[in-house]
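Structure provided below as structure tokens; questions to follow.
Here the chain labels run A, B and C in written order, and each chain numbers its own residues starting at 1.
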Amino acid sequence: MTTYREAVRTAIQTLLREDPRVFLMGEDVGRYGGAYAVSKGFLEEFGEERIRDTPLCESTFVGAGIGAAIGGMRPIVEVMTVNFSLLALDQVVNNASLMRHMSGGQFEVPLLVRMATGGGKQIAAQHSHSLENWYAHIPGIKVLAPATVQDAHDMVLAGIEDPDPVFIFEHQMLYGMEGPLDTESTPPSPWKAAVRREGKDVSLIAYGGSLHKALGAADELEKEGIVAEVVDLRSLRPLDHETIVQSVSRTHRAVVIDEAWKTGSLASEISAILAEEAFYELDAPIERVCTLEVPIPYAKHLEDAAIPQVDRIVAAAKRSVGGA
Amino acid sequence: MTLDISRDHALELLRDMIRIRRLEEKSAELYSKQKIRGFLHLYIGEEAVGVGAMRALRMDDNIVATYREHGHALIRGVSAGEIMAEMYGKANGCSGGRGGSMHLFCAERRFYGGHAIVGGGFPIAAGLALADKMKGEALVTACFFGDGATDEGEFHETLNLTALWKLPVLFLCENNQYAMGTAFERHVSDRDIANNPPAYGIPSDSVNGMDVVAVERAVHNAAETVRETGAPRFLELRTYRFRAHSMYDAELYRDKEEVEEHKKEDPIATFQARAMSEGLITQDDVDAIEADAAQEIADAVEFAEQGEWEPIEDIARHTYARNLP
Amino acid sequence: MVPEFVMPSLGADMTAGTLAKWRVAVGDTVSHGDIIAEVETDKGIIEVEVFESGVVQELLVREGEKVPVGTPMAQIGEPGAGAEAGAAPVAESVAEAGAVAESAAEAVVVAEARAERVTPRRPMHRGGLLREGPMASPAVRRRAHELDVSLEGLHGSGEHGRITIEDVQHAAEVGPSPSVSRDRVRISPYARRIAADRGVEIERIRGTGPGGAIRADDVLRAEASRPAEPVSAADRMQRAIAAAMTRANDEIPHYYVEQTIDMGAALAWLRDFNASASIEERLVSGVLVLRAVARALRKHRSLNATWQGVEAVPSKEINVGLAVSLRGGGLVAPALRNTDEGSLTELMARMTDLVARARSGTLRSSEMTAATITLTALGERGVESVTPIIFPPQVAIVGCGATVERPWVVEGRVVVRPVMRVTLGADHRVSNGHQGARFLSTLESLLQEPDKL
């Protein structure tokens, strides 16, 4: 068994060993070993030139990653968390996503940006955001959300291989999670959603940290005779319409779980896709289980109440199935 | 003090400045006739900076420019036709009609745009220089920006990062005295902009940006120093824009007298007069340059007029390497 | 062609500019790049340059005048050329723009913009733009504007669906009509789909979801419990009636108007007529009412129509359906085609035949579907008034009670007269109470002159 952290680390290490164009930069990725200890020991193995501790200037080091990618390198930029990435949004929205298009296809940005996301650790409002949907809104970049140990590894490899800018959101609660890791087999396409558990009564659609809550809810529901299917979106841009529409066409009910605030969320987008493409399959209103529309509070009981939990998913699924 | 350059050199400098000006005058005309749309920022008055700097850089150096970049692109070797077609929005434009006036790009000439978010080009320049450094290539990344960009956090962040990491960036501040409509002294606390970089350990200098020969020399020396040391340098090029910020600008923020005063330093007129008085060039030379420029611009307009519109079916092209499902 | 100096476009959002000042006069020589005028824009006064060289021959726009981008403002000629060479036919170019506008809706805007500078008159011709919208007179549009009623989706009760002032006023009173839906049963999209696939009538399904919503499981249960044996004809009929009445009650916003009609003249005429007629030719009062209803509909076509999903379509024929109760308990309302035509004797014969065949179950299918309105007369059962439910897709129904003797005021004196209470039930999406009342009034008048029926 391997941890999620170890899986990310293994993938980056493989890349650093195999491709001289790959380098890692970000705040505290070197001496400190990474805020989430993903790059511990890298400085010793790969040296200062390829493991770059940056000043605290998100906009400039993300932009420098864009420039270096255009210049022929394969940078992996670690923006400690999505909360800090807001300082770099201009570079993401105005440069990374637009360079290829504005230049008529002359310049590409094979950049990989990783960051932690999500709440649940009592680190309060400024450090608990889930803003993946902001990124998923932007044409020109791609967005991945690994929820399993295997994906944590495979998506880093896929992100570097991709000729376009790829943003990976690692949920901060998952780094210690253990799971099997296979580094030999050919991984599945990262751009397709996966059915993590098959079912017939209701589709629980989730990604990232919420996937495990959805799986927990499915266990609960099974005790009451409700067999839930659990879909892991995996890629947030592009979104895999086909898999979610197929799942709901089997179950005819959908509960979308998203740690973002409900308004304007990916859960909203999934709901709209289902309304557009699976309307005649729906036997119940689509349910969304999202974070309450409040800043994430510090106190544990309040934080737990704010973000999606198993009991809320179970309740939504029961409403959907009609047994409640 | 004499110009101390050859006749051919003088002819080239004058020719390039006149080419930029005629191209832009034509652009203004075509904008008024609605052939060119969107924003159009003219460089008229600042030609000595673009011409002097571009001639001092090597073709394998990287260029990161701003949205007032027609002149830079032209002197870098992007044809007037491709520039004009881009402003028309035609598929034969240098960015395939997707960029327009503010987003001229040319991979072949290492011309990395055409950036219209003020300050947004700094980190890109740092990244290009970082790539060169990591690849062991002794190249210079020239980063053009206006005085307004020095207000931005990215300016200071990039000075810090390039000094800390010793990245070969040549910062070229085209100080035309205005951040759009806000005068220099109204947006910068220290009136000597060249004071900033030394705070980060970056040597800096100021040059008369209306003197093409002075610009060329200063940029050449600075670029070669960057090339040798691998570390950043900063040059302030003091210039002035004769035209409004963009076409749709009533210029409420400056007096006509101020503009007229600066026009006395017109980089083309002053250089032409000096070169003629020193006997380097003649009126016949000037007439020939003007005739050539007129022909070049006429051909460029024809090239743009003849260009095709990209079919709407291809709208998604270049959003990603491969269109998403 | 003499070069023109036109109002320049200085920004994509600039559509017009006001000439603040000419910086040149007729006869001045100008060259490429000269500032020729000052133009006031939303952003302030901007100096504009000329891109031609020559002599100013004519200034076409006065200072202070606002003109659209592209408008010729001055003629610039060769030095020494006569002014008339460049006489600018501004009016002509406006006319040209107008001509183009006839063929392209987009150009209408141009014509309007140009017309603005020549004359404040709005262009008369606006292409086909208006024709696609709802039909409504300017007065109606103004009233709609005053009452903040959107004409889009508003049903017009006027001729050919034209929206009338009453329609607008009604809409203002009752608020926007609910979005048009043929079926307002609460049912999930998936359940609706499988019910259609499996031939399960939605009306028969009991919904167990929130608010009684029908869900897929309910459809499957209903399908499973569907009787294996074919049901009797009477049961089928009763079910059809139930479904139709439920739908009508759910879907149609009914309104009712009632009038008590003096039947004295009609009954007196009937007595006289029957006294001289052979037994076969004798009439009953019901046939007079039937004919009067049909004739009244000639004047009130909005009640003689069918609802076609989104709007009512006036029926060409007047086919009054006659509600006939059957001995087994069923109810049918077969139509008497063209009820307003032919002699009363003939109508009497047709009515007798129709009722007999209805009770013997030998109606033709066309008779079952042709009705454009229904008349239900329950007088023989002794009731005095009926509040009937419309048979979809009809939009009105007339109910008659018994003719009874009641005190009645005639010319200031109380007398005893035979009177009948008539109730009109109608679809408020199609007509309104005023129209209904006028119909009853017409009916009443007709029954006062039975000899003309």
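Criterion: a contact is a pair of C-beta atoms (placed from the backbone, for glycine too) under 8 Å apart; a residue touches a chain by one contact, two chains touch by 3 or more.
All values reported here derive from a predicted model rather than from experimental measurement.
By number of C-beta pairs in contact, chains A-B lead all other pairings. Ranked by distance of CA centroids from chain B, the top chain is C.
Averaging the CA coordinates per chain and comparing them to the mean over all protein CA atoms picks out A as nearest.
Work out the mean CA point of chain A and of chain B, and you get 40 Å between them. Distance between chain B and chain C, defined via averaged C-alpha coordinates, is recorded as 64 Å. Annotation: 53 Å between the Cα-based centres of chain A and chain C.
Those residues of chain B that touch chain A in the shared complex are 62, 93-99, 103, 105-107, 112-115, 117, 120, 122-132, 134-135, 153-154, 157-158, 160-161, 164-165, 317-321, 324-325. Those residues of chain A lying in contact with chain B across their complex are 23, 49-50, 52, 54-55, 57, 59-73, 75, 90-91, 94-95, 99-108, 139-140, 142, 162-164, 238. By the touch criterion stated above, chain C contacts chain A in their complex at residues 188-193, 208-210, 215-217. Across the complex, chain B is touched by residues 6, 8-14, 33, 41, 43-46, 48-49, 51, 69-70 of chain C. Listed in rising order, the residues of chain B touching chain C in the complex are 25, 28-29, 31-34, 37-38, 244, 246-252.
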